[in-house]
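Letters A, B, C and D name the chains as they come in the text, with residue numbers starting at 1 for each one.
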Amino acid sequence: MAEGTYLDAISAAIIHEMERDERVLVMGEDVAGPFGGAFKVTKPVAERFPSTRVRNMPMTELGFIGAANGMALMGLRPVIELQFADFISSGFDSIVQFASTAHYRWGGAVPWVIRAPSDGNLRSGPFHSQNPEAWFVHTPGLKVVAPSTVADAYGLFQSAVRDDNPVIYFESKPLYRSLKGEVPEGDAPVPLGLAEVARSGRHCTVVTYGAMRHEAMAAAEELAAEGVELEVIDLRTLKPLDMDTVASSVARTSRVLVTHAANQLGGVGAEIAATIADECFTDLDAPVKRLGGLDVPVPFSPPLEDAYRPNAAKIAAACRDLCAW
Amino acid sequence: MAEGTYLDAISAAIIHEMERDERVLVMGEDVAGPFGGAFKVTKPVAERFPSTRVRNMPMTELGFIGAANGMALMGLRPVIELQFADFISSGFDSIVQFASTAHYRWGGAVPWVIRAPSDGNLRSGPFHSQNPEAWFVHTPGLKVVAPSTVADAYGLFQSAVRDDNPVIYFESKPLYRSLKGEVPEGDAPVPLGLAEVARSGRHCTVVTYGAMRHEAMAAAEELAAEGVELEVIDLRTLKPLDMDTVASSVARTSRVLVTHAANQLGGVGAEIAATIADECFTDLDAPVKRLGGLDVPVPFSPPLEDAYRPNAAKIAAACRDLCAW
Amino acid sequence: MTLDPLAAYRWMRLTREVDETIRNLWLTGQGVGGTFNQRGHEAIAVGPALCLEPADVVAPMHRDLGAYLVRGMTPERLLAHQLGRETGPSRGRDANIHGCGDLDLNIIGFISHLPQSLPVAVGAAMAFKLRSEPRVAMTWTGDGGSITGLYAESLNLAALDQAPVVIIVENNQYAYSTPIEQHSANPDIAERSEALGVVAVEVDGNDIEAVHKASRKAVNRARNGGGPTVIVAETMRMLGHAIHDGFEYVPDHLLERWEARDPLTIFEQRAGEHGTTIDQLRAIDSDVAAEVKAALVVAQGSPFPDPATVTDGVWAG
Amino acid sequence: MTLDPLAAYRWMRLTREVDETIRNLWLTGQGVGGTFNQRGHEAIAVGPALCLEPADVVAPMHRDLGAYLVRGMTPERLLAHQLGRETGPSRGRDANIHGCGDLDLNIIGFISHLPQSLPVAVGAAMAFKLRSEPRVAMTWTGDGGSITGLYAESLNLAALDQAPVVIIVENNQYAYSTPIEQHSANPDIAERSEALGVVAVEVDGNDIEAVHKASRKAVNRARNGGGPTVIVAETMRMLGHAIHDGFEYVPDHLLERWEARDPLTIFEQRAGEHGTTIDQLRAIDSDVAAEVKAALVVAQGSPFPDPATVTDGVWAG
């Protein structure tokens, strides 16, 4: 294993899957060599494989995701890069109407992965900072993944490619180059649908995913100094959701905060909070709290984006309140 | 006031708004006369107004909703008919990226109404039965309306057209011709963002909207015979949500079921349930329960669609369980 | 593949018979939900499908009952599908002719959102090309479908890759109630298609020999690495868009003109030229009628799906 | 409107100066987020915008800084916008040149999802036509934008309605790193556009006189009920797609060829023909430099938005 970034781990995982399985190919805007993608994720991939397997697409998300549906039905395993997760709405019908329903309706399996670089805190404004995962968690027939560590970026990608269903893999742009760690080698799939207890604690559970995992960990450090021990659960997969791990934590802590960078209103946190409030009702010593983005487009200017977005300080404050309940 | 259907009320409301305000126009596939729309909602409208104000569009939802954005910015008030709510995903970018954000980003108001014939129980299968409201409630900048009575179909439409924001108006296909009542005349706007207590009761609150209101009312009749009094709240507007009315009901009943025909997982009910569980924590004598569609595309065959979908009997059973808590 | 006239007639007659059977069921309240009309589209659906090898793939739309039949979807299964039975290809999950797919028959099921079958067929063809398989993908769309953005995106992709795909545009001159001049500023679909970089040809869509000939050429070109072809076939839908449609909007004179050009009628008028006899055709008619009648009995006797299975099949694997 | 040569030069120089100012800020770490490059697109942005009346409406995209300036968005406001200040047209809500709209100036702010400004401009033009107002809508898109489905849908709508809209296609031969032959099976954008039913013309996009002349004709046609025009203007983006782009993918010889055809250079070479002098141009240069320098001071001294206002403006009315 070599040290690398979150982004390196994705590149490495793509290369490994393409070596392992010749059905895997990459497609998207500007992904081919020598350019290698808006974030350069596919640059090392394009250096390794022929241009038939790392294919530039015109700026036609609806059309080329539609084509990926056909490729997948014929047994290929397309890995589709979007330049930003924000553009996933441009290919919406091909995802939420065709790919998600084909197997249920007539048994046609559509095994692709859409790589969607998501999230903000980079001063990129309303169209390069979105976290649209809730749309897809609500849509039957899609799997949704959101890795937050270098190892998970690698391992969840492997499981996503090997899954027989359409999987949307939300990459965290703020972690791309800032997060470093050991990049796994070879086969190291992390199963879909399994949350990770990132930190054990007995006073309050924080349920989260993506970049917010690291904010929650920072909040936990802060509160530990005050004698409050947070348990941090990183969901890793948003569909299927691992509510068992969450419930057993809440059974121990009796307090829970659900936090994510996506808009809070109608977000994935609502589903998680509602499920906890139902299934863990007798365990709870305080209301299930949520902390997500405000109900506004992600604003650009630093003071506004900071106001929009949860962070370690806000998580710590919310947990303090919860523990004072 | 004359007796008429839910559908008649929509036609009448369109005609009234077009007479009242020359900025209002209708556009959509096959809406013009003499055809008058897939469900004939605009037939009486096209008989009354010139073809410049009731305009056929090619099957290009993305393009013509985009054009409606431009019309609305220039001061018109387009009323856009979709043939089925299911096709709203085909115009997604024009709605969730452009229209929803223009005012926040630079002050451009986009006052249109999209009329989206939604919901099922008509054996119409996965693509003519959808309830996609959750996608839009989660998206900042859109208002979302879902009338369930003849009077509300009329009055909420008036408020939607007069609102300065993009409003998605989900029509209930199962109520189109089955629900009859007095159709209001003239000005009778029902304000957006105000729920209605459809039935008072003290044992358990049912929060719902759309066709499920009537299932909840039927369940309430059934339970009343058993001595259990349900309070039924019809939200009417899904964004903004009237959580005050909900909370004051829950304060009295201490038990609550949230039900809708849309897929339960990540649906609007999750937001409502999570908010109740948080804000009404100390009022609750039982967990907040949800009852929505299963996590599958809406199936066609009657036994499957019936299994998919909540109804009066399932609501009654859930409320019985809640009251036994 | 040259066209076997008796086979061609048989498939068109079977299409007509299944369509009429469905229509009768629905008009007498024995249907489930809604259903589409096929009348007038028999030659367009059957002719191209007859040019394919079993390994080729089709992605038909809502007016292509004939293509499903030619590809081996039996009347029994099609009827069971429309009636929401467990024995249909969607096990009661999808409605009327939507989602009527079966990969064992190389049929891709369609969704309502038009023309979604188009990029899917293009993608299938791209897969064939990538793997150097001598296979062809074929799909159908309407005049209404041809003015969507997705049509342009799909043709461009097909042309860029020189993918082995054949696209039949069923120009029945209406999208639901809207005539083509009202939905397409340039109603010349072949011209619009050619401008996107594909070969486009026009053909009489009610003449199965013409459609078959053009399709055969296109399939050969695709299979030999010559890339995509669009075949614009002119026709008229002779009944409403779907079963509930009053169909007041097509002028009578247009319907009369096209009635005289019914695909089965004009084929029959040429029976002599084909070396077939009217007696042979009548024998096919009664064979087919008996076959569909029997299929209906089986379909109507088939079970509905068990509600306990409602969540089965959401996930593959 | 005939082209006033000194005004034309001034707007192009101002565009260049603002662009370079932004570039310098960002390259020295004084920017906020990312930003786009404009170099090479000055004539295409300025020329058409100079053909409009104040009541006309523009919907420019990310390469049209010049159009914003001509329409009255001051360098001060544009710089404040890019720096995320309260005093910019989006009050810090939108980034770089996105969402830089102001209805008082009849500028529609754009979104990333390309080419969304196109149907919006078509809709604005449809509104003008419906109300019989003598107004024109103008919008810009790229070669990449021209191969999207939305391009086809928008042109068809414009042509069906004969809406008074002028569409400038900035064919800089690349969509980000992808050359046009790789994204468009038929790289003849005018041909593709014409097939959709609009008038299409081609013009040298680095020659402001040519762009202006073609635009003037198109604006007049639109205003007089003659319907939409597409103007395909060939150019080259002389720097990376955006500030972070290493820009290795455009061959040097291409850049050299276009460097010699820089819109400001070729305009200056013709100074004599225009009856202007090099001295006049140099005077404009220093005026403009001073203006932008002053504007930057103001912009940098402007306040950031108050975080307490973060939810303001989501709703209109």
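Please note the rule applied: a residue touches a chain if its C-beta (ideal position, glycine included) is under 8 Å from a C-beta of that chain, and two chains touch if they have at least 3 such contacts.
On a predicted model such as this, the values are computed, not experimentally measured, just so you know.
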| item | value |
| --- | --- |
| Relative to chain B, chain with the most remote C-alpha centre | D |
| Chain B-chain D separation of Cα centroids, rounded to whole Å | 40 |
| Distance from chain B to chain A - Cα centre to Cα centre, in angstrom | 31 |
| Centre-to-centre distance between chain C and chain B (centres being mean Cα positions), rounded to whole Å | 36 |
| Chain A residues counted as touching two or more neighbouring chains | 57-58, 60, 62-63, 86, 89-90, 93, 97, 101, 104-105, 126-127, 140-141, 295-297 |
| In chain D, residues with contacts to at least two other chains | 90, 93-94, 98-99, 111-113, 147-150, 153, 156, 160, 182-184, 314 |
| Chain contact graph, described as a line, ring, star, complete graph or other shape | complete |
| Residues of chain C touching chain D in the complex | 147-153, 155-156, 159-160, 182-186, 188, 191-192, 194-198 |
| Interface residues, chain A side, partner chain D - complex | 29-30, 34-35, 38, 56-60, 62-63, 84, 86-87, 89-90, 122-128, 294-297, 299-304, 306-308 |
| Partner chain A, residues of chain B touching it in the complex | 86, 89-90, 92-93, 96-97, 100-101, 104-105, 126-127, 134-135, 137-141, 263, 265-271, 273-274, 277-279, 281, 284, 286-290, 294-297, 299 |
| Complex contact set, residues of chain C against chain B | 32-34, 84-85, 90, 92-96, 98-99, 111-114, 144-145, 147-149, 175-178, 182-184, 248-249, 304-311, 314 |
| Complex contact set, residues of chain A against chain C | 25, 52, 57-58, 60, 62-76, 93-94, 97-98, 101-111, 140-141, 163-165 |
